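The two complexes that follow have chain A in common; it is paired with chain B in the first and with chain C in the second.
Then we have the complex of A and B:
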């Protein structure tokens, strides 16, 4: 278990919880790092690009990897520009691609995401694309140079949990990159379930941001993610169907 | 019972010439002397759109008296708010359910916006106006001190505002193409890009190519108040000028989006007409725009009528704070993803309360006058050069005070959440 690291493009992380950026407050960042143990924190470049008195950049503790995202981008070229700006701002090489052409549900545009992934991977970015869970697109993203695949579990901010479970499971089975479940995770139990399935990490934001007690919810997520990961690594026990397991083997009649 | 209370908008200045007074009185008293408010004037672009028809047919058929407590309860039980639910929420039957609506609205607001509240300020750069809109302080017959800032003055105002900490600005003018040309506004946008992260416009409606030009100059958000969606009522309030053309105004947001603007805002000026119908139309206007332009960022404002210079009796009639709150909850439940701005027309107490469950944006450090930010911010003597205000504001909190107050309400003030791309 101690050697169980999340590896993204050669970078190792102990924590499998990533803080999203949708809603933010300085308290949220603090709780995510201290109580949820987050080592990766997403940062919306459009918010970081500010002269604000409380710049979010000032609140990121040392040792935490910044994951700037391209929210606000409506197509690949805008995402590329935001990623480059993030690098100029000193946010490092990681970038989470978010491209939305829909202001209501904020669903990612898979087609534009593939295009941006290719361009940015070629420029040396560690590209983590947020996507709608589609196996063909995931494969294209792998070929385009993505470092992870980040399928949404449910509409962002919805707290609906693993609505896209079956499709995420397919990605986990078929794609060799880490699959990080992003968006829609509303409860620690859902995060746990994603990890049991074999997700490499879970990203959450709203679930913490809107909790009654931020600190306690952050630690609940930490424990849930760790529990789910342990369950996955230990190999889940048999899930019995209705009735007990037959005492006589079904294949006992076979002779040679 | 019908509300017979009405505002008395007509005020005659003794400085108007006899000829001007005669024309003013004719416009006021003889509807046949006014130009058609439904016909586009020369130079006004006509686009193909079915949004107007959709909004107005819903509004015309809206009989809010038929909704009952049962309809409201059913709407409260729904996960998604349908147009029927919206109509129930805006009806008188919903008034006893205000607290339940607010609680439900709070969940939606927090889900979509977290605990953030955006802060911005308006900057009026000119108050010349060629229209006679009877309720407005800038109307061409109102004797006020007119002014148009030059670029040096605009830059000075912007510096003063930016120094206060503000990162988002909304540039406003009176509606006069002659005095505040598109190029003039464009130059102001270019200056604003130097001092602010986010630039919005609240100016007279333009054609698509003009919006594109202003977008290239640095603006990305366009606010147009329809004032009232009841075109017959509109006709009796906007007696002269380009603004009188009601459908051209209605389509402004769509032209702005076609011109490349990222977001638009809709609003009715509450207190002019039947506020329930106007609120319904405002929400549907944004709703149908979003369906047609899914990438666009939508927001709503909810201005209520305020007193103006030379007419301190103007008021929002039957739209009291409770009704305004009901409207805002209905907006939030129907359009959970839309930004909702509550301006300094409203009191400090109201704004502190409403940001907790429905509104997402407030103005601060507001002046609706021209060229007086330094005097208002520093308390220095007001220059004689300053132009008069459009209306009286209610909440005069400075940026610093607003920032502190919002923080102490448990909210995270956000000054910018935007990149010009």
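Then we have the complex of A and C:
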């Protein structure tokens, strides 16, 4: 387990929990880093205000990798512009592509996401595209130069869990890149299930941000993700198609 | 007129540095795009804002979509 690292484009991480975008507070960042062990935190780019004197970067502990996203982008060209601005802000070359045309369900636009991935990968970005879990699209993203694939589990912020489980599993089985389950994970048990399936990492935000006790929930996610990872690495026991199989020897000795 | 972050301003002729100073933007916290091209910070001093320019000034915030 000690050598079990999450590797994204050559960068190694011990933690498989990523703090996603969404509801932010300093308490959330602290809980995510200290209690959930997050080493990657998502940030968004927005129009600046004239008299800003503080940067959110001042509140993020050293050693945490920043993952700017392109939220707000409606097509590939906007995502590319946002990614370039994020890099100019000086936090490395990771970018999570998020492109949404639809504001009701906030579903990612897979087609535009492939286009943006290709452009940004060619410019040297570590591209982590958020996508609707579709195998053909995932293959296109691999060819476009993606560093990971980030399928949604359920609509963003919904806490509904692994609604797209079957399709994420196909990506895990067929795609030779880390599959990071993004969006919709609401409970530690769901994070654990994703990890048992072989997901490389889980991204969450709302599940923590809307929990009754943020710190305790962050630590529950950490344990769940670690448990799921261990279960995956150990190889899950088989499931019988029917009937039963005794776990103790059935000698029937009283009758012999 | 120059459009900056979606609003019109009469600032053509100023350099980017002059504009940022007059509006109290902190250079270290922002990135700036002019007509969809990034302007590197080293060029703020000698980039003159022209009539019709569209400028975006951005910074990091927590999160993104909900």
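What we mean here is this: the second predicted complex is superposed on the first by the 234 of 256 C-alpha atoms of A that agree within 3 Å, B and C clash if a C-alpha of one lies under 4 Å from a C-alpha of the other, contacts with A are read in each partner's own complex, and residues count from 1 in each chain.
Definition applied: a contact is a pair of C-beta atoms (placed from the backbone, for glycine too) under 8 Å apart; a residue touches a chain by one contact, two chains touch by 3 or more.
None of these values were measured; they are calculated from a predicted model.
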{"item": "Which of chain B and chain C A:140 touches, first, second, both or neither", "value": "neither"}
{"item": "Chain B versus chain C as contact partner of A:112, first or second or both or neither", "value": "neither"}
{"item": "Touched partner set for A:226, first chain B, second chain C, both or neither", "value": "neither"}
{"item": "Which of chain B and chain C A:42 touches, first, second, both or neither", "value": "second"}
{"item": "First, second, both or neither for A:74, with chain B first and chain C second", "value": "first"}
{"item": "Touching partner for A:84 - first (chain B), second (chain C), both, neither", "value": "second"}
{"item": "Which of chain B and chain C A:98 touches, first, second, both or neither", "value": "second"}
{"item": "Which superposed partner A:193 touches (first chain B, second chain C, both, neither)", "value": "neither"}
{"item": "Set of chain A residues, in rising order, touched by both chain B and chain C", "value": "22-25, 44-47, 50-53, 72, 81, 85, 100, 106, 157, 206"}
{"item": "Interfacial residue positions of chain A with respect to chain B in the complex", "value": "22-26, 44-47, 49-53, 72-74, 78, 81-82, 85, 100-106, 157-159, 206, 209-210"}
{"item": "Chain A contact footprint on chain B (complex, rising order)", "value": "110-116, 165, 167, 197, 290, 294-298, 337, 403, 412, 414-419, 421"}
{"item": "Residues of chain A defined as touching chain C within the complex", "value": "21-25, 29, 42-48, 50-53, 55-57, 66, 68-69, 71-72, 81, 84-86, 88-89, 91, 98, 100, 106, 156-157, 205-206"}
{"item": "For the chain C and chain A complex, residues of the former touching the latter", "value": "5-6, 23-26, 28-33, 36, 38, 40, 56-66"}
